[in-house]
Amino acid sequence: MGSSTGENVRLTVFGQSHSAAVGMTLEGIPAGEKIDFEEIKRFLSRRAPGRSVGSTARKEPDVPEFLSGFVGDVTCGAPITAIIRNTDARPADYAALSDVPRPGHADFTAHIKYGGAEDRSGGGHFSGRLTAPLCIAGGICLQLLKKAGVTVVSRVLSIGNVSDEGELGQNAPEGDIPTVSAESRLGMRRLIEKAASEGNSVGGVIECRADGLPAGLGDPIFGGVENRISAVVFGIPAVKGIEFGAGFASAKMTGLENNDAFVTENGRTVTATNNCGGILGGITDGMPLVFRIAVKPTPSIAAEQKSVNIRTGEEVALSVGGRHDACIVPRAVPCAEAAAAFAIYDMLQGRKKEI
Amino acid sequence: MGSSTGENVRLTVFGQSHSAAVGMTLEGIPAGEKIDFEEIKRFLSRRAPGRSVGSTARKEPDVPEFLSGFVGDVTCGAPITAIIRNTDARPADYAALSDVPRPGHADFTAHIKYGGAEDRSGGGHFSGRLTAPLCIAGGICLQLLKKAGVTVVSRVLSIGNVSDEGELGQNAPEGDIPTVSAESRLGMRRLIEKAASEGNSVGGVIECRADGLPAGLGDPIFGGVENRISAVVFGIPAVKGIEFGAGFASAKMTGLENNDAFVTENGRTVTATNNCGGILGGITDGMPLVFRIAVKPTPSIAAEQKSVNIRTGEEVALSVGGRHDACIVPRAVPCAEAAAAFAIYDMLQGRKKEI
Amino acid sequence: MGSSTGENVRLTVFGQSHSAAVGMTLEGIPAGEKIDFEEIKRFLSRRAPGRSVGSTARKEPDVPEFLSGFVGDVTCGAPITAIIRNTDARPADYAALSDVPRPGHADFTAHIKYGGAEDRSGGGHFSGRLTAPLCIAGGICLQLLKKAGVTVVSRVLSIGNVSDEGELGQNAPEGDIPTVSAESRLGMRRLIEKAASEGNSVGGVIECRADGLPAGLGDPIFGGVENRISAVVFGIPAVKGIEFGAGFASAKMTGLENNDAFVTENGRTVTATNNCGGILGGITDGMPLVFRIAVKPTPSIAAEQKSVNIRTGEEVALSVGGRHDACIVPRAVPCAEAAAAFAIYDMLQGRKKEI
Amino acid sequence: MGSSTGENVRLTVFGQSHSAAVGMTLEGIPAGEKIDFEEIKRFLSRRAPGRSVGSTARKEPDVPEFLSGFVGDVTCGAPITAIIRNTDARPADYAALSDVPRPGHADFTAHIKYGGAEDRSGGGHFSGRLTAPLCIAGGICLQLLKKAGVTVVSRVLSIGNVSDEGELGQNAPEGDIPTVSAESRLGMRRLIEKAASEGNSVGGVIECRADGLPAGLGDPIFGGVENRISAVVFGIPAVKGIEFGAGFASAKMTGLENNDAFVTENGRTVTATNNCGGILGGITDGMPLVFRIAVKPTPSIAAEQKSVNIRTGEEVALSVGGRHDACIVPRAVPCAEAAAAFAIYDMLQGRKKEI
């Protein structure tokens, strides 16, 4: 059905870009966990618009209201539901689009799927706004993972042709465009500004890394770490590819180059390299979990594009008005962390108590 | 739990490399569908060893026995179960490995996950042999899709640094290494032979394409086509990345370059390009569905590698004996088609009858 | 995980007796369905307190706010979420109970399950208040079923030893205690008043009937109509038994007595009797679906009972203060209809579009 | 989809009465568990035909072949699949029935559901034969439960109007008709013999009891113990009702009578009575879990009945030939234990490891 996911913890995301609210329900979070609501707000602020260059000027406070699942700030075992009201809705901006699907958007496919009954305002349920509830869920999972010694960090690995220099370590890179190299960040910013000035947009790649995972997480075949992280991460709009460890580069390697040798380090079996991205046979090996996602350029652009009036069949020129990001990659960074955190926490919760 | 997947049709895969049998159960296939069992055997023969250069000499007839779900050769609505006996089992070959995990394999992670009770013979449940039942399921789904006008074809896009020339069309490329260009195939074959002669292996990329899909398949957010195909495809051992349409290349594009313009063609709304790979907002748009997967080089190689005796902690040199493929990419091609066919058929079955 | 159910339509219920709100999410409702919100309010009012004799005086408006899933009053295919604010919360009434579990309630078991972190106010997530969101979902399903020609009605079959006379037909019985016989209703009312005056409570049996169901609904083995209705209906607090058709009475019959003969009526195959309650092999046969549920007496009673202080282990006398129903059976009637309507609609949605 | 169930452990049942085999797959059983295969055979023999008076003379060895999931007799974490070959198939007996559905059977409803493609031989996938794989699964779970200190026993509480005298305790009653009272057993046997001699059949009630369950099992609302046991138990053909604890009798009680007072016993909080059957709010309270199921009389009877030729619409007289039980209640006893054991083990496996 699509709007929910998870095996041991169940996440359901609801709402449309301009419905009364967007929100989420998390089932399966254990009772007795203290959650820092301020920390969740800070996490949400990382995906908020207006934070980095070229991002939409829409201002939403993005303050979640927790409706259930807590006694005070401690989980009580009941499903956690939180909502964010859509206070800054401006459906009028989108009125002109109604019969002309925006290229690269879900407008056309939603129209076919729902037979014309879809919510066309601002992308409806397909809007990037739905990553806000994803980030509420992720923010909760990140706190729970932290208690378990697991950290999740990420960076913008590239924007267009500008790549970040250096290796992503355990610590979270900072900056409006989180990169390891401040210079790379500068180059990325310039690229985004250029795209913004041209009414265009740019895509990029995000790299995510989780440390502190125990070996043995995940399940065989379809329950592997790759399957499960992909199943959540592709829930972020605009993601068109994912790779783990060396990923597509490993397809160019030989077995001798790609295999990660086992070695003993401080009495513990580890691998000398990490081409497998911390995953063998779909199961974690205790090394850092590393994956990268390809984010396509925002489809909403002011520059003129070709589309079709789906009512009349007439080909028309379209320039997408309203508020848009020239590059959503920086805002997608916390979303990627949220998706990873949820998927990882879900797997951790799959470990059964011995009976 | 991992060994089953699917929302509207449920696939469960069981067996170990050297258990009595491997097999699969498919629930949710409608009654009254005539299945060509010979066609399934032919499909299975494409993943059989010994078919292309450098593949393992293990000879298994791979003839499925259908235990249930049919009256004659017509489905009766009950779960379909088929098994393949493991007749050519040679557990002895693997005995030496028992305490030394093979680099790049699930040996180590399975050991941790199952606390030493894992089936170590030939990779147990993590063996590539488990793709045989996947192909039974895929073979059934391919026949059902064909009746619905949907075809799935694929090719080896690259082996190591050798890429296939030309575009993948609607027709299935032929050859032991299925490529569009016969010359590219020659280059790939040479590369595999070289790796085989060196006791090494090589990886590659497979491209898959489905035609005839109606627009409107898939679900929002976590139920998108990308999520669901990924969730199945990563069930094929050695897959380390997936991308849809332009995929990682789209991350280097601008919105103007990447957006697929809508145009009217024969009274139907189509896109002028297909950078989105036939998927917008997770929903099919009626254009060909295109994805590519990165297959890492087979980890089992004769060349000497480093590993650790997990019982003693001692570092040891390891050369994997037994029968192995120098390149599993060609054998993974029908597996990719099977995974795609299952995922697509599952989505088609998600379309509800109107009430 | 418990708070969600359904295979083709997914219902998630959230909230606690005294959290900010209770609510529900319904995924999988088709787009384009017009819903009458006033009709839902009327349906909810049937489970509202204060409507029949001996029911709690707690006054909640029970007006759902629909947060998502609609464009105007027409479904748009996105998950439907609705909440009801807990405006009349009086946690103070329950303070005294905190360490003394109420006999017959979930207080003790929730305490063990959640290790003391459970929400103790008014039963938390186990409160009968959670049937309000169930009724929102059921109210939506009832409207959709009606369009499909399916009606669901029910009656109070017995309160204590007073049974309703006559047969339940296709039309909904009326009255504060919905019965076929007005005289029986009078007897039931007297019994409830007596219990109320004694600080005691009484249980009863509810009978539910659905007409207009097509034959062929349901799935084999664990997916039978009985399995699925039970799985939802036991979600109503206080339900301790369920039977279909002749139910427990059929256990006293012979095959000749119990078997429903097939006969031809107006060219249609029907059964001469309906001891199977419209279900054979778990699948509907096109006859009315009939089931009955046993509702235990409300455990919250003013009369003195024995309990234990779970902190000290000391045995104590307990009289449950606050607002309580002397008989929840009449209020459980719409809940039973809601549960049945959801389960039936879920099965109807399981019918696949032919491909 | 019906033929699979379970949340933390997944059971899939496959096969038809006269397909090559019937069987089952269990996913989610932990690795490292030693299973006594002989014990499973003994358990299966309790549901075998020909064991008690009036049961069918069909002789099947019912010896399961374990195809996967084990290294020797120890589970390895992979899915467990076992099959039983249908060696004694006699489809000819059933040929005459083909167009005339047997009253009380799934023949008619399966025909409608599967559009005529259903397997008509011996009830196909709806046959009581499918309880053999259920008993394999249950036999495994019973062994695992025993290690955890949990026992499941049951008895025939009544056949027709003959009831068993006495209370069901922790120990399993013995006899071809397992009852507490040998005298009651005698009366039941006479009743069955009478029905058999008349070409008729009789129904009955089975009582099940589980001891040693920890308090705190189960989940709120739809995940309660009642919901989950019902969802499995109605998978046994002929079950038409279920009640927990006092069940339907509690509907006649007052709160003071029905509420189970909490008392302290050896420093532990227990209840003085057990009207709730060990379940409060859907969660176990640590007292014995008690439920009863109504089993309708076997519909297959030699005595003449009315039916309809579904091809011609003509009303015909029908006498069911072949091999049949005059009373399946005794054979259903191990099935009830198997269903309960699976559901309970599934809940136990839902307890998460602390992270």
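Note that the chains are named A, B, C and D in the order they appear, and that numbering of residues resets to 1 at the start of each chain.
Following the convention adopted for this analysis, a contact is a pair of C-beta atoms (placed from the backbone, for glycine too) under 8 Å apart; a residue touches a chain by one contact, two chains touch by 3 or more.
Computed from a prediction, not measured in an experiment: that's the story for all the values here.
Participant: Tell me which chains count as touching both chain A and chain D.
Facilitator: Correct list: B, C.
Participant: Would you say B-D or A-B is joined by more C-beta pairs in contact?
Facilitator: More C-beta contacts join the chains of A-B.
Participant: Report the inter-centroid distance (CA atoms only) between chain B and chain D in whole Å.
Facilitator: Whole-Å distance between the two chain centres: 39.
Participant: So, what's the distance in Å between the C-alpha centres of chain B and chain A?
Facilitator: Between these chains, centre-to-centre, one finds 26 Å.
Participant: Two-or-more-chain contact residues of chain C, please, as numbers and ranges.
Facilitator: 1-4, 13, 77-78, 110, 113, 125, 220
Participant: Which residues of chain A touch chain D once you look at their complex with the stated criterion?
Facilitator: Those residues of chain A that touch chain D are 8, 30, 77-78, 144, 147-148, 220, 348-349, 351-355.
Participant: Which residues of chain D touch chain C in their complex?
Facilitator: 1-5, 7, 13, 101, 103-106, 108-110, 112-113, 123, 125-126, 130, 158, 160-161, 195, 200-205, 215-224, 226-228, 230-232, 234-235, 237, 239-248, 250-264, 267, 269, 271-272, 275-277, 279-286, 294-301, 303, 305-308, 310, 313-315
Participant: Given the complex with chain B, which residues does chain D contribute to the contact?
Facilitator: Chain D residues touching chain B: 1-4, 10, 12-16, 19-23, 25, 27-28, 31-32, 65-71, 74-81, 83, 110, 113-119, 124-125.
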